Structures are given as structure tokens and as C-alpha cells.
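After this come two complexes, each holding subunit A, first together with subunit B and then together with subunit C.
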Partner chain A sequence: MLLRLISPLMNVVDLPMRALQRRLGISRLAWVFLLPNLLLFGTFAFLPILLNFAYAFTGTDNILLLDRTFVGAENFAQLLDCDSYLDPNTCARDLFWRAVHNTAWFIVMQVGFMVGFSLLTALVLNREIKARGFFRAVFFFPVLLSPVVVALVWKWVLQRNGILNAGLEAVGMDSVVWLLDRHWAFFWSVFLSVWAHMGFYTLILLAGLQAIPRDVYEAAVMDAAGPWRTFRRITLPLLMPTMLVVMVLALIKGVQTFDEIYAFTGGGPGSATTFIIQYIYETGFGGAPRLFGPAAAASLLLALLLVALTVIQLWITRRSSNG
Partner chain B sequence: MTPTGYFTKGAALAAMLAGGAASAQEIRFMCYSDGNECEAAGEIIERFEAENDGVSVVIDKVPYKAILENLPVQLAAGTGPDMAKVTDLGGLSKYYLDLAPHVDRAYWEESFGPILDWYRKGPDDDGIYGLHSQLTITGPFINRTLFDQAEVEVPGPDATWDDWAEATRKVAEATETPFAMAIDRSGHRIAGPAISYGAKLFGEDGTPTLVDEGFTTFAQKFVDWNKDGTMAPDVWGAAGGTTYQDAAQEFINGELVFYYSGSWNVQRMDSSIGDAFDWEVVGSPCGPAACTGMPGGAGIVGFEQTQHPEIVAKLIDFLAEKENYADLTAKSLNIPAHAAVAAEGVTYEGASEQAAAALNAFAAQVPTVSPIAFAYQGYKNNRAMFNISLARVSQAIVGELTVEEAMARAKDDLAQALAESGE
Partner chain C sequence: MANVTAFLTRTRGRGRLHWTDWASYAYLALGVFLMFGPVIWLVVSSFKTQAELDRFPPRFLPYAPETVQLDGHAEPLPLFRVTDGPLAGETVAQVRRIGLTSQVVRPEAPGEVVKINRADRVPVERVKPALENYRTLFERFDFMRYFWNSTFITLTATAITLLVNSMAAFALAKYEFRGRGAVVALVIGVLMVPQSVVLVPLFMVTREFGMLDSPWGVIIPGAATPTGVFLLRQYMLTIPDEILDAARMDKASEWKIFWRIVLPLSAPAIAVLAILSIMWRWNDFLWPLIALSRSENYTLQLALNSFQGEMRTEWSSLLAMTVLTLLPVALVFAFLQKYIATGIASTGGK
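Right after this comes the complex of A and B.
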């Protein structure tokens, strides 16, 4: 039935395609099929990358490329001009290095907590517990929320007159202005990020756990291995490839953190929760002065880091799929 | 009907449609509101449409952030609207449509005088670019009821920032109010106090300097007040980067004794506070050098890239007519920038006694504004200076930098911004 419906359409397409094939040859015809995708990719991905390169090597606050002046590697030189990379105060562009340091710490803490809590949750949800489906949904639910919603919800919880302080006061404790203290603000940024994304990684680890053959566990039971020994000697080694993928994915996601933290703290207090993407956004677009060159240069440096992380991820994925 | 008949009628219809399209002139007006400015302007624009057959004005009401962040990019890309209400008056000057060929220059110069300079590209430019629809001035709101309850005398017109800090601390303590003072988190808002403390902001030759002894003195005082709790720490301390943060809600909630903001908040205070407590506007506190607020506000400008320059100019000129301008200020509860309207006084529509008194108190401050504040508002790269001072003073408040370090960084930032802008 369907074939009868589409066959006239096929005949309409068939004729020009045959003509085209005769003219171009079968090998070149592939390009005709690829052309729409290439056009889309070129316009929305490849062209902006090229433009980014052009902006990184030019100066002035003009947005039109033709009005900008070539400055060579000056934008990179300014960003990398530091007496000590460990102390942002010694850098010419201190805010860039504060953002780099914040991002590095954020990644270390966020990936650590993310993998740890996701693993713990996956292990619990993999057991035969009551309402397992419900709990799986509960842990996955924050992943579905908009980052701005996540940020606003936690902002309301943590603000001076928020729910958390109301709770603390109700039990006779002093309230804390959580987002005014740089250390607390950083802690809550990590917490919020873990809370919002943990469900996704839990799901991946859960799939990894379920892929471990049952007979290995049965053999362990027969050998009288305890739960801790079973976890250490069977679950962890067999889950390691999945955990590595989770780690690298969380790492890449951590580097790209922007929207929810920007809505949550605005990068403050001071620059305590300003991460690299926010630095790029504020430098280039957040209002005057619009420093497109340094913003583009910073985003190229970030791109290099992301490429390196992606290569590591691909390598791990290939290694684990090859057994 | 014969095929020829269909063809003839079709051609006639097409010609009619084409003719209609040519005569209909649609103007896109990108507008943001602090209160009801877009609606108030809309009523006057409807009259303009009625008088100008075939002209249709579409008001695209957008958030303020879109005016600050999206509009400049749209204009640079050549895809901006025909006209807009803007606040970065000098920063966008290169895109403005010169209204001078289409309007009565003498009327505009007599009515708006030196404010026209805020829209110009530089000292040599004598074009007419924008209608200053919303003249604002920064200044303090105080919670009078809290002063009365605390039985603390409200400091007089020559009171210094220190006097106000002391008085408001006493009030806050006596009434158990969480915060004594707050200043909006904005570089523009601290400019007035800094000038009062002697900040010159520009060198002898007019080169922007931002940081000097006066600016540093105020910055140090402001940082200290944030650290000792005189200033509400959440406003400047809890945000980052160049994020704008006001303290209007704290004032409305009765949690704040003294709130340094500006005349654009009168309508909000009037409608939100109601009769919950008495509030009033007092003059800007003094420093050793002046007792000044910062002028500012928003204006309606046309853009050079419009396809309908004559209509855009005609519409802005229509809004600038004395009766229409008076109507606009009366409805939107703003201070008039139009000399004749200001001289006659404005009867604000629907404003309470308190709001009218507040607006008059703000209007009374206009003549006392320091020339430095006027020049700062008219400087085309002032946004960069506002943002730099905002970000760096915030870092000093939260202890990331000392005040000296913050000032040194602000100097470097300004040098880079000026270099990038080709100045």
C-alpha cells in the first residue's frame, strides 16, 4: 500500500537522479547527498569556528570583521602574561586566571562528588528495593529541569530569608548568608551542579551495573566472598570502563559549566564562582567594554582543552569497546 | 470569465497590493520600561498614527537586558529596529539617525539644551540624535517611619555620607531593621558619591582616568561600610561580575532604612509600599567636594539604518512636542528634561502625594548636579567605566583584592578598554 503511494514520487525523483549520475559519475553523486548536511554544518559550526579564529587575532571593539585590526597573537599574549600561573594576582588578565583556577577546582570537586554519588545511587537502585522505579525517576527528575529553574530554586532555598535559614532558626541555630561567603558559595555551586546532573550519570552507571553477568556474582557467592570483597574485586573492575566514560563526560560538562551557576550566583561573590565560560561571555558580550578579541582567544584556549578531553574520552571508549 | 479577464483582474490586484505595501510604513520601536514608559509612549504614538495615514508603529517591549546586550549586536549586524529607547546614550551614538535635517533645531536646542550633547559623537558634532524621554537622577529614599519610631532626627540637607551612616545605623539598631543603608549594585550609582568625595574621573585634557584620590577615598569608605554591616552586604557582595542588583525589594519590605537609588523607582515605591510606611526622598549626601547625584536616564533615538528616516524623525519630533512630552512625563512619573515643561511643572497622573513630593525632590536636585557628573553621563565610554568600577570595587568588598589593588586593576582595565575602543 505504502509502496504504491510513494512509487509515483520515486519515479519523479528517479529521472533527474539518473541524469545527474550519468553526468557526475557514481562516486561524485555521494557529494550531492551530503551537500545539505555540509551546508548546515558549514554555516552553523565550521564558519563560526573560523570567525572565532579571526576575532582572536584581531583587535578593537568593532563587531564587523572588516572593521577590526590585525593584532597577531597579542590577545593570547595578554591572557598568558603571568609571573606565576598559580597566583592570579600576578597575571595581567587576573580575572581570566581566577576563572581558570575556579574551573579547575570546580572540576576536581564536581567530578569527584558526581562519580561518587552517582555510583552510590546506582548501586542502591540496582538492588531489589521497594519502589525502585519511583526512586529511579526521582533521581533522574532534576536532569529534566531547566538550568535557570534549578538555579532559582536553590537561590530561594539559600537566600538570607530562604527555607534553609528558616529551618536553622527553627532549631535554634544562627542563620548563614550562604551566598555571601566565597567558600560557601563555591560549595553550593558544586552541590547544585551535582544535584542537577547526577541522575544522568546514575543512569549510565546503572546500565553498566546491569551489564555485569550474574554468573560472576553467583560464583563469588559460592566462593563465600563478602559484599565488600565482591564490590572491590568484581563490580568495580567490571564497571571501570563505564566509570571512565562517566568521568570524562562529567569533566567535559564541568568545563562547560555556565548557565545554572550564572543564574545562581552571577559568578560572585566577587569572582569566587566565575568560571571560564562566564569569563568569555562577560568579556565579549556582557556589556561595555566588549572585548571580542580576548574573549575569542580565551575560547580558543578552552577549545584546545576540550579537544584534548574529547580525545581522551574517545580513546577510553574505544579501549573499553575493544574489551 | 475568460483567461484574459482573470489575468487582468489578477494583475490589478497585484498592483493594488504592491501599491499598498509601498505606502504602508511600518516602524519597529524597541522599548523597555522601568514602570509604564512604553505604554505611556504608546498612547501618544497612537495619536501620531491617527494623524499619519499609512504609518504603523510596532512597539516591541523587551527586557532592559536586551537593550544593553542584544541591541548593540543587532545594530552592528545591521538588523536593528528603526528606533529604540536606550540608556547607553554615547556608546551607541555611531548608529544614531541625525534628526537635525527633519526637525526645528532651535526648538530642540531651546528645549533640551546641553542634554543633546549626551547623544553626540564628540565635541565637534552638532547633530540632534535623541529625545531624552526620561531624565533621572540618583538619590536616596528613606523610611521615614523607622526614623520616627527610633526617634532619630533625619539629617539635614548638608549632611555628609558619614552623618547618614551614623543616623541610619542608630535607626536600624533601635528598630531592629536588618540593614541601615544600601546602594544599588551599579557603577553608575556609586559615581555620584565618588564625585562628592572628590573623584574627577577625567584628566585636565579630558582623558578618562576613573581612579584618583577622591574615587579611592570613597571606594575605601564603601568597602568598610560593607564589611561593618552599615551597607546591606547582599547587594554588592553576593553577586559577581557586572551583574546589576538593586535593593528596592528590601526597602519595600521595610528591611532597609536608607536606599540610594534613583528617580525611576518612584512609581515602584508608590505602588508597592502603598500606606505600609512613610517614605521620602532626600538630597544626595555630601562629601568633601560636593553633594551630587548622577544624572542619567533614557532617550528615544532613531537609527541610521532605518528604511524610513523621515517618518522616524517625524515621530520623535512629535513625541518632543511640548504637550506630548508633558503628557509622557505626567503619565510615566518622570522628571522632565524639556526646559519649558520643567519650568511649568508637571501634574503627575495618578501619583500619590508622596510620589509627587518625591519626584519634585528629585527634580530639585537637578540644578545641583556636579559638572563632572554631567560630563561623565555624556562620555561615550562611560559604560565601560561603570562596569570596571563595579567589578573591581565588588572584589575589594569580598576581600579578593585590597582597595589599592582593586584601583590599580581598574586603571589597567580602563587602559585596555580605551585601547580596544580606539580612544
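Right after this comes the complex of A and C.
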């Protein structure tokens, strides 16, 4: 149906493309095919990367570059102005450092639990179990849910009169206002994040497990190696490259955590679950004055971190795919 | 029964279940509970009346009070079962409630009002989904507008992404030309810097194009995805050049070769990218949050988020809206689960 609709359109495009082909020759026609994509990349990805520097080194809340004043490294100096980097309260932009601290703790815990539970789940799913497809789907489906839906699902479970509190009271414990306590809010943020994304990493690890040749295990059985020894000596070393990819991927995504936590806690209580992207969002777009300079400077610092992580990831992927 | 037990405890030939098998199934059962439980709880709750939602501790199924329509009363009257007193054991309809007593009538004799103690009656209830939660959504809130905004953005963006990325992938896979390495490097470079770290300049560029606060401001900036180019290029590399050369012998134009030969042959990779793009767009949040400011332009995700901010306590509509937002994804998942899983695993997410 759809094809029949597009087909005449594509035939119309054929005429100018044929003319271009006669004009340019086949090899230069490649650029014509690339053009739309490159225009979009250039305008909405590459240009912004360059412009980000311009914003990071200029001040005032004006979005038009020409109306902004050059301030040198002022934005960075303010962001990095701290008596002690370990204590956000001593920093000029304390919220930024609080966000940095939160993000650091968040990724340490989130990546740890994520890799741990994904590995456990992948190991279980790799066994000869019944209805494997169903169980795989069970762990995977939250990956597809939108961040706002994930946040609301858990908000509803955790709300004051929610089912979790009902369960606690049923066994004689006191109910807790989960999202108004900073430690619990942080815990549930990590939990929600692992819950929502675990299936994705499980899938990658499962593929890694299935790539381990069967005969290695058969040899282990011959040598009468126990399950624990087989895991330590065979599964884990052979799975290590995949584990590394999973870890770095989880790191890259963890650093950029925003959507579901913003919808879940709004960054609160206080700033207990405010992460770096939320700091950038609120500094630049949250309300007047729109501090584009500091937002861009913080983005730049984050971008540097991400580039470093991606380079590591590409390096690992290349090394492991080359054997 | 014995058959079922035998079936469930059957293992790979060696008779009894090893303790690790028990542990595995226990873990999986816990997984099903933790993964499905909260979503099912949300869906069931969305069919409850606000009164039932406020109830603590909650009950699993949506109950609603049973009512009866009697002559002489405009409104349907709630039914109660009397537990004590002269009418004990009978089912009555409550006409009015005054302090600790309630005035009731028997449905068989609607004219004869009896006073009973409020403590001596329990409401008659039955399981009944409160569909009005969903009805309100369409009547009081502009649900269809948000749904349409999301659908329009998702479909248009996916169409543009597929066309533009497949053209670029074709050029990078099937032509030798100077500067190809540079283009590939550029694409990798863009891959490293996600949208979320160039928000300020992206905002400015989008504003200069006059696309702020319009669906196009959401569609266009993300239309060319490096992931998409890579995915398609890798697949197109596997198409033998001989097929293309044969077509050239038959005087096919390059565009025809792209459109008639390479695209149809790349259908599996295109399908994967289409599914991924639909998912990304439908669930997209941060950029639309910045690019769209008037609520009439909101996508479903933005509407849902602002909705939860506005009505902190009115969960009944909020839950219904969450379910409707979740529904398309659930349907797509049910039908395309396998493709989605392989697609995501092969691209490393985004």
C-alpha cells in the first residue's frame, strides 16, 4: 500500500537524478546521495558542537550569539570554583557539584547493580529452562516503555497509600513516604533505572554467553570441573569482552540519565536526585534568567567525558571483534 | 496432576531437578513478579474509581458499589447488606444518611423508609471497571490532540530518517570516492556527542530556522542518526556489487539501482531501523521538552508529564492516561518482540 504511494514519487525523483548523473559522473553522484544526510548532520549535530564552545565562553542570557559578550573562561572558572571538590557546599555553583556528586554515586551504584543483575539474569536464561522466550521477554519489555510511563508505574507503587506501604503495614512495619526521603529517593532512582534498562544489557550478555563454544563446556565436564569452577575459569574469562562493552555502555547512558528520574522525583527531595543533564536543562531552560553560558560550559565538560568513554568503548569493541 | 508435576520437574534427561534448577526458576518467578507486577497493578488500578483509589489498604480488583434504580428517586441508590437489627440479612437501598443512622428502603417496598444504624450495614459491591476514567480523558482533556502530535512526529520523523539515512548508507557502502573516510569519521564523531550535551546551541539553531514550538523542530534535528547510517551501511556492504553492475549494463540509472535494487534487498535492516526510530521518537522526552513550549504542541510524553505535575492527587485520570500511552508500545512489542530484541542487540541501543 505504502509502497504504491511512494513509488511514483521516487520515479519523479529519477528524472533530476538521471540529469545529475550525466552531469557529474557516477563517482561524484555519491555526494548527491550523501547531501541530505550531511546537511542535517552539519546543521543539527556538527554546527551545535562548534557553537557550544562559543556559548561556553560568552555571557548574558541572550540566545543570539552576536548579542553575547565574551567572558573568556569565566563560566568554567565559576563552575570549577570550589574550596573542596568533595564538598559541594564550598563551591560557587554548589548545585552543579551536587549534580556531579549525585551522578557519580548514581553511576557507581547503577552500573554495579545493572551489570550484576544482567549477568545473573543472562546466566539463568542461558540454562536449559522452559519457556525461555517468555522469560526473556519479561525481562526485556521495560526497555520499550517510555521514561514517563516507567516513572509513573513506580510512583504509583511507592505513593503514600500505595501497595508497597500496604504490604509493609500488613507485615507489621511502618509505611514510609519513599520519595520524600533523600536516601530512599536515591535508592529508588537507582532501582527504577536498573529495572527499566536491565533487559537491554541482559540481551547483550546473553548473546555473549551463547557465542561461547559448547565443546569448551563439554571438555570441562570431562575434567570433572564443578559448576562454580566452570563459571570462574571458563564463562567469566570468555565473557569478559562483552562484560566490558556492557559496563562502558551502561556508564555512557548512566552519565546522561535524565528523563525517567526527572519525571519520577523531579530531582528531589531538595536536590538529592538532581543529575548533570538536569542541571544543564534547568540552568539553560528551566526559567529566567536563562544562563546559557554555564549550561554550555557544563555541557562541554560532560561531552569531554562522553567522548573519552566512547573512545574506550570503540577500542574495546574493535579489539574484541578482531579476536 | 501427576502428569503436570512430571512435566514441570522434567530436566535434561537426568531425572530429578538439581538445586540450581530450583534456584533458577525461583529467580525467574521473582523476575516475573517484579517486572510485570507493577505494570499490571497500574493497569488494574486505572479501572478504579477515585474513591477506590484512595482506599488504604488497597484491594486488587476494581470494586464499585452496587446501585439500584427505584421509583421516586432520581439518582440510583447504593445497596447495602444489613448485618444486625430487625432487617438483618436483607439487602436494602440507602435513601439518605443522617449522622450515625441511615434511612433505607427495601427494593421490594420502595415507599417504606426504615432507619437503621450505620454500623449495622456493609456496602454491596461487585467488580466493575470504572471506564469513566478513560471517558474523562477524551471529554475533559485533549487526549486525541497529544496522541495525534506524537503519531505525526513519530511517523514523519521515521520516514525522513529512513530515506535520508539509507541514501547516505548507499553512498558510503557502494561508491568509491575521495573523502569517504572523512565522512565516516564525521559520522563516528557525531555518534560520540549525543543531543543531550549540545542542547543550548541546538536550541539556537532550531530557533533560527523558525522551528521552535512546532513539530518540525522535534522531527528535523534528530532525523539523521549516525546509528541508522551505520546499521544500514553494514548491511548494504553484504550486497554483492555484481548485482549493481548487471543493472548498470541494462542502463539503469543510479537512483533506480538504489530504489529498485539496494533498498528492497536491505529490507531487514530497514525494518530494524524503522522499529528503533519509532521507539526513540515515541518515547523521546528531553528535546521535545525544550523545543515545544505551548501545551497544544505537546507530545503524549510531555502531556503525561505535565499532567502528573498539575494533578498531584487525581490519580484516576493520570493512571488511565498512562495506560493509553503504554498501549501502543505494548501492542508493537507483542507482535515484533523478536525483531526489536535483535535490532537493539545489534546496534547497541542508540
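Going forward, the second predicted complex is superposed on the first by the 290 of 323 C-alpha atoms of A that agree within 3 Å, B and C clash if a C-alpha of one lies under 4 Å from a C-alpha of the other, contacts with A are read in each partner's own complex, and residues count from 1 in each chain.
The rule is simple: contacts are C-beta pairs under 8 Å (C-beta built on N, C-alpha and C of every residue); 3 or more make two chains touch, one makes a residue touch a chain.
All values derive from a computational prediction rather than experimental measurement.
Engineer: Of the two partner chains, subunit B (first) and subunit C (second), which one does A:Tyr55 touch, if any: first, second, both, or neither?
Structural biologist: Second partner only, subunit C.
Engineer: Once the structures are superposed on A, label A:Leu244 by its partner contacts, choosing first (subunit B), second (subunit C), both or neither.
Structural biologist: In the superposition, A:Leu244 contacts neither subunit B nor subunit C.
Engineer: For A:Ala99, select first, second, both or neither according to whether it touches subunit B, subunit C, the two together, or no partner.
Structural biologist: neither
Engineer: Looking at subunit A, does subunit B or subunit C touch a larger number of its residues?
Structural biologist: Looking at subunit B versus subunit C, the one contacting more residues of subunit A is C.
Engineer: Looking at A:Arg182, would you say it contacts subunit B, subunit C, both, or neither? Reply first, second, both or neither.
Structural biologist: first
Engineer: With both complexes superposed on chain A, which partner does A:Ile63 reach: first (subunit B), second (subunit C), both or neither?
Structural biologist: A:Ile63: touches subunit B and subunit C.
Engineer: Contacts for A:Pro269 in the overlay, against subunit B (first) and subunit C (second): which applies, first, second, both or neither?
Structural biologist: In the superposition, A:Pro269 touches subunit B alone.
Engineer: I'd like to know which partner A:Glu282 touches here: subunit B for first, subunit C for second, both or neither.
Structural biologist: So A:Glu282 only meets subunit B here.
Engineer: Which holds for A:Leu38: it touches subunit B only (first), subunit C only (second), both, or neither?
Structural biologist: second
Engineer: Across the two complexes, what residues of subunit A are contacted by subunit B and by subunit C?
Structural biologist: 63-64, 285
Engineer: If you look only at subunit B, which of its residues touch subunit A in the complex?
Structural biologist: Touching subunit A: residues 68-69, 72-73, 76-77, 88, 91, 233-234, 237-243, 245, 381, 383-384, 386-388, 391, 394-395, 397-401, 405, 409, 412, 416-417, 419-422 of subunit B.
Engineer: Could you please specify the touching residues of subunit A with respect to subunit C in the complex?
Structural biologist: Counting only subunit A, the residues touching subunit C are 10, 13-14, 17-18, 21, 26-31, 33-34, 36-38, 40-41, 43-52, 54-55, 63-65, 120-121, 124, 127-130, 135-149, 152-157, 159, 161-163, 165-166, 169-170, 195, 200, 203-204, 207, 227, 245, 249, 253, 256, 258-259, 262-263, 277, 280-281, 284-285, 292, 295-296, 299-300, 302-303, 306-307, 310-311, 314.
Engineer: So in the complex, which bits of subunit C are touching subunit A?
Structural biologist: For this pair, the touching residues of subunit C are 8, 11-12, 20-21, 24-25, 27-28, 31-32, 34-36, 38-39, 41-42, 45, 54-58, 163-165, 167-168, 170-172, 175-177, 180, 183, 186-207, 220-224, 226, 229, 253-256, 258-259, 279, 282-283, 285-286, 289-290, 301, 304-305, 308, 315, 318-319, 322, 325-326, 329-330, 332-333, 337, 340-341, 344-345, 348-349.
Engineer: Sort out for me which residues of subunit A touch subunit B in the complex.
Structural biologist: For subunit A paired with subunit B, touching residues are 59-64, 78, 89, 92, 94-95, 98, 160, 177, 179-180, 182, 185, 265-274, 278, 282, 285-291, 293.
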